[in-house]
Amino acid sequence: MKAITVCPGKVGVEVKDVDLKEELGKGQVKVKTLYTGICGTDREIVNGKISFAYPPKGFDFLILGHEALGVVEEVGEGVKSLKKGDYAVPLVRRGCGVCLNCKIGRQDFCETGKFVEAGIRGKHGFMREEFVEDEMWLVKVPEDLKDYAVITEPLSNAVKGIDRILFTQGRMVWTCEDSTFSCRNAAVIGSGTTGTFFSLILATLGFNVYILNRRDPNPTEAYIAQRIGATFINYSKDANKVPELDLIVDTSGYPSAFIPFMQKMKPNSALLLFGTVRGEKAEITSDLIIDIVEKNILIMGTVNSSKRDFIEALNYLSIWKNRYPDVLEKIFTSRISVEEAPMALLKRPAGEIKTVIQW
Amino acid sequence: MKAITVCPGKVGVEVKDVDLKEELGKGQVKVKTLYTGICGTDREIVNGKISFAYPPKGFDFLILGHEALGVVEEVGEGVKSLKKGDYAVPLVRRGCGVCLNCKIGRQDFCETGKFVEAGIRGKHGFMREEFVEDEMWLVKVPEDLKDYAVITEPLSNAVKGIDRILFTQGRMVWTCEDSTFSCRNAAVIGSGTTGTFFSLILATLGFNVYILNRRDPNPTEAYIAQRIGATFINYSKDANKVPELDLIVDTSGYPSAFIPFMQKMKPNSALLLFGTVRGEKAEITSDLIIDIVEKNILIMGTVNSSKRDFIEALNYLSIWKNRYPDVLEKIFTSRISVEEAPMALLKRPAGEIKTVIQW
Amino acid sequence: MKAITVCPGKVGVEVKDVDLKEELGKGQVKVKTLYTGICGTDREIVNGKISFAYPPKGFDFLILGHEALGVVEEVGEGVKSLKKGDYAVPLVRRGCGVCLNCKIGRQDFCETGKFVEAGIRGKHGFMREEFVEDEMWLVKVPEDLKDYAVITEPLSNAVKGIDRILFTQGRMVWTCEDSTFSCRNAAVIGSGTTGTFFSLILATLGFNVYILNRRDPNPTEAYIAQRIGATFINYSKDANKVPELDLIVDTSGYPSAFIPFMQKMKPNSALLLFGTVRGEKAEITSDLIIDIVEKNILIMGTVNSSKRDFIEALNYLSIWKNRYPDVLEKIFTSRISVEEAPMALLKRPAGEIKTVIQW
Amino acid sequence: MKAITVCPGKVGVEVKDVDLKEELGKGQVKVKTLYTGICGTDREIVNGKISFAYPPKGFDFLILGHEALGVVEEVGEGVKSLKKGDYAVPLVRRGCGVCLNCKIGRQDFCETGKFVEAGIRGKHGFMREEFVEDEMWLVKVPEDLKDYAVITEPLSNAVKGIDRILFTQGRMVWTCEDSTFSCRNAAVIGSGTTGTFFSLILATLGFNVYILNRRDPNPTEAYIAQRIGATFINYSKDANKVPELDLIVDTSGYPSAFIPFMQKMKPNSALLLFGTVRGEKAEITSDLIIDIVEKNILIMGTVNSSKRDFIEALNYLSIWKNRYPDVLEKIFTSRISVEEAPMALLKRPAGEIKTVIQW
């Protein structure tokens, strides 16, 4: 079958014919791939920038792809939650089997680092015509979401981040006088795919959302902000328009982007770190530490997600399909063919939110 | 009566005779002061370094002192929890009455900043022969703790910090295979009063405790470390002896002290920030941010404490009075007279853990 | 304006013309009523069976109605969250202002009992052409839900119940090996409005849902069960088909209905009590107590909901509008005119899930 | 060695010489028994009333005893937390190894029921001169507690119950205006060993404690109540003296004992069920169900404990050794010889709180 492959460490990506000889075992499901999404990690692998990517044992190449939607072709003996014709999204990370978090299905909190990740570390990804998976690692997709569910995986990561921030913020009363988040200002730094997901989630939860970027919004970004009731601020010129903040979500990874806004953090506020970049530096002062201490400020990194977050991500997609169908449409910048994929994997098209490969 | 007073903003401290004309109202308690403790904040006020210290309305001086133990002399009408002869410790911070956390007795999480603090901001402290307080702001002290309870207030701050870290770490499974913290390494940076309190609490909870300082331990510190089963590490020469860490508690306030140890932080680990200094700087890199993100690391500032933390602090004192009576004794470096207090307030005696004024 | 009124304590209900002389104050909103729902409590009031219903001060009648959807006609000075033309749902219970839960917007956990409830206790309800409310007690409704949002209030009560059960079940690991609820069996006793809401919520969360009734399902019930993947069991003949249970939600109120199923409760399971009836009795044995103890079983009553639960209820409606539009349609048994309302209020039409009055 | 043995199912108990041929393996510890406690379960086994007691595989007898304190005689290779001469208490229940709670060290929440329990189900107990255990199942005892730590196990069960009740009560604001439990009334039904433990824990946490029994207190009970600031109420004549309650802890197991007091339960209150008896019945009414629903009442069963609860139990013992040394002394009704044990195991001596066998 056709697959999109890389040789981790080397620059380049190709569409080639592979034969993995996968057989459908007990409790397993064969899935025909419908869509796969392209994300920043894919591009970094393709451009040889991610040192931790590696092929599965016995292979000298890695099939890319960790954002996927497929349709069930065949189910093995004993499979209960899926049947032929069902839509399904696969999980990416598979736990180490040793640490307690992996043992209870929270491989997103793996402590040993000995997990594998489809399309990234030691396991073939989903940019191929079909794949076989254990039932446990597949999430059933309601049929009404078949046009959108390819973004379930990246969305689930944002869902996990907010879910865990809401948990940790239970360390005091963080809800408002009316029990909601109506009095809370949340700033999302970055307006790419994940930034957009965070903004949508926070708007849905009732926060006052500010989308921050160092430039003016493009028309799509301006449209989305207006549509979900958020305020887009170009902080390179309007930093003073950023209000006092109860929550900052950084999707940029640049310390120099989020540190200045920490001065706006209110007592009991939180900073969620999601973005990563390499080779940057920034200075912090003991005045910032004083603020963190005296204001009980919390900072938390977040990575990956659990199956429960996938289910919640699907619920968000259903909500938005009703409430912001136009926004959801705009998130899908383009749907390209498998043959066009290598080009899109090498270089991010200008103005892209999410590029999707149709299989 | 005699009181130890300052004029916030000016350097200096004096013992003088004051008449506050406090009357015992309904629900109030008159307390004869037995001991007051001296802490770093007192010394900073005395040396004119704390800009937020200010006298109560109508006064041009501030009575110092926020760590105190007294004995009840007289109770007003309707007082239920205390009677003449009971020992009691006063709370320091009094809430704004407006924000939700203050409304539920968690003024340590005040959001408006409009609280007052006895001996610090807008309210006379307890370095005086007696004081009148609402029953609500007094914590009854079991009689067996009358020689130690003067340190309840500073200890309660450490109790709150650990209590809230244990809460937030509930974001995943942080307990070990045996349900305890026996597999968790905690490093406490600093071996002063608060550092010692944190180390004692963490040892009592079953963590493997490492006490970190940039110098060798003095004999008292070495004794305490050995006694509670902790390892004292002079990180200026033995940084490599610091193991991988699940928890760092910084009591130093120096970013340059704790940032290097963040490289040792394991997945799901936490950094609790308690210490503060002024005028320091440090550099952080995007590699550190990647670590925080990829390892789900949490950082939290903590300040002040609630009445519940005072009660828990008293419980810890009772535990340690049995388990580590010698350690508790060593925490009390010296008990001085009121007349000796100004000198001790101007300059920290070498090797001090806690200096206490006897009234 | 027209209103549907009762004289609490007397049997009867009438449509009459009332003039409440409500004026639009600062921070208030005038709402034109679109729909009001009829629930069991309304019928009990109309039939003189609820002793705690009483009119507002200065009135000898009470306007009924606590399930409503309206459209904003006019907003007072300072209103921020709503504007003319917005759809809105009002809250029912208004807190006592004294207890801590009411102070933080959780009047559903009021401890004094000194709350009022629109259409029930001491405050006029919404079965009238228009009403004025403080902004704080109104929940903005996304436009796509205008045909369904009249059921937000009853749904929010089920949302609160499940939200708090999921919180309390955090007392151990209750999620499954895959982090979801896929291994958990939930039985909902009763297939009326609230029973249906609970079943829908639990299905959306990924539980295996069993709908229990003492009779066969009517065609609507059978359809809904099948559609959401639930199993309908007539327990008067097929009690043996009820599997071991992780969760029971009782909406019947009959001890004789839910107590027998407690024998099926697995270790760590929970029983959520929502329904109430009067004049019933049942026997419990010490064997049942042994089971509760030895299996760490939890039982919890739940009543009312917070504004946050209303927002979550609207999110569920959006999900279901996509996923189960037909089910949502079937929940609305009939939409009747104001003139037809008294009849429907006196007696529940056979096969009703939800009857709605159109204004 | 000498051991106290039973043949489950048959009435009787004997001291006999056994040779278990236990060898000290890697990670194991040989413990010389110092004390073992006698509890109600032991007596039920001896009297043939517990159907679930059974001997270990390959044995036709069961060594009794699940409350023990010993001193380490020898440690196997790799043991880190204990050394020769340390005092230690063994855990009782050993998890199934299959369910998620057992996998994370919470065998007290085992879901499969396939655990074993030393001295009860399928594993020899500690009423013998020495035993070998894996390090993981031993809790190190601070030396100052060597005279009391034999009650760690039964105390840990009460600790777990209260710990989990405090967790579940976090479903709303249950702390008082001063952040403590000073406004909360807790009734403990029963004044035996466990009842006394619950009363002590609740007093230490700051609750207003009421000890309820159907008879007048004996002198020891009266003394303990007075000493810890609790009120002893003989409810068979003074039921009206029981105030409105925020928490009921039942240690009696009799539905007829605790159900009447449920009428006193305030909104948001909780009932913790710990006691069990056989062959009793009681009636409940739908009015009680209405109360549970309308007042958001929670009922929870609790059994067994985790290693973390053992550590916390040791902390409580240290607190009480200071605060209530006389109470602690009175809990130990008598210390008997091994030869006297069978008699004490067959019949509870009048006025016993805890009888302890000295080895």
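As written, the chains take the letters A, B, C and D, and residue 1 is the first residue of each chain.
Just so it is clear, contacts are C-beta pairs under 8 Å (C-beta built on N, C-alpha and C of every residue); 3 or more make two chains touch, one makes a residue touch a chain.
All values reported here derive from a predicted model rather than from experimental measurement.
Student: Return the chains shared as contacts by subunit C and subunit D, ordered by label.
Tutor: Output, common partners of subunit C and subunit D: A, B.
Student: Given the two chain pairs A-D and B-D, which is bridged by the higher number of C-beta pairs in contact?
Tutor: Result of the comparison of A-D and B-D: B-D.
Student: Report the chain whose CA-based centre is farthest from the CA-based centre of subunit B.
Tutor: Of all the other chains, the one whose centre lies farthest from subunit B is C.
Student: State, to the nearest whole Å, the distance from the C-alpha centre of subunit A to the C-alpha centre of subunit D.
Tutor: Chain centres of subunit A and subunit D, defined by C-alpha means, are spaced 47 Å apart.
Student: With centres defined as the mean C-alpha position, give me the subunit A-subunit B separation in Å.
Tutor: 41
Student: Between subunit B and subunit D, tell me the centre distance in angstrom, where each centre is the average of that chain's C-alpha atoms.
Tutor: Inter-chain centre distance comes to 35 Å.
Student: Can you tell me which residues of subunit B touch two or more of the remaining chains?
Tutor: As it turns out, subunit B has residues touching two or more other chains at 100, 104, 106, 173, 175-177.
Student: Would you pull the subunit D residues touching subunit A in the complex into a rising list?
Tutor: Spelled out, the residues of subunit D in touch with subunit A are 100, 103-104, 173.
Student: Spell out the part of subunit C that touches subunit A in their complex, as residue ranges.
Tutor: 81, 104-106, 136, 142, 144-145, 173, 175-180, 182, 204-206, 306-309, 311, 315, 318-319, 321-323
Student: Contact residues on subunit B for subunit A in the complex?
Tutor: Within the complex, subunit B contacts subunit A at residues 100-101, 104, 106, 108-111, 113, 164, 167-168, 170-173, 175-177, 253-255, 266-268, 273-287, 289-303.
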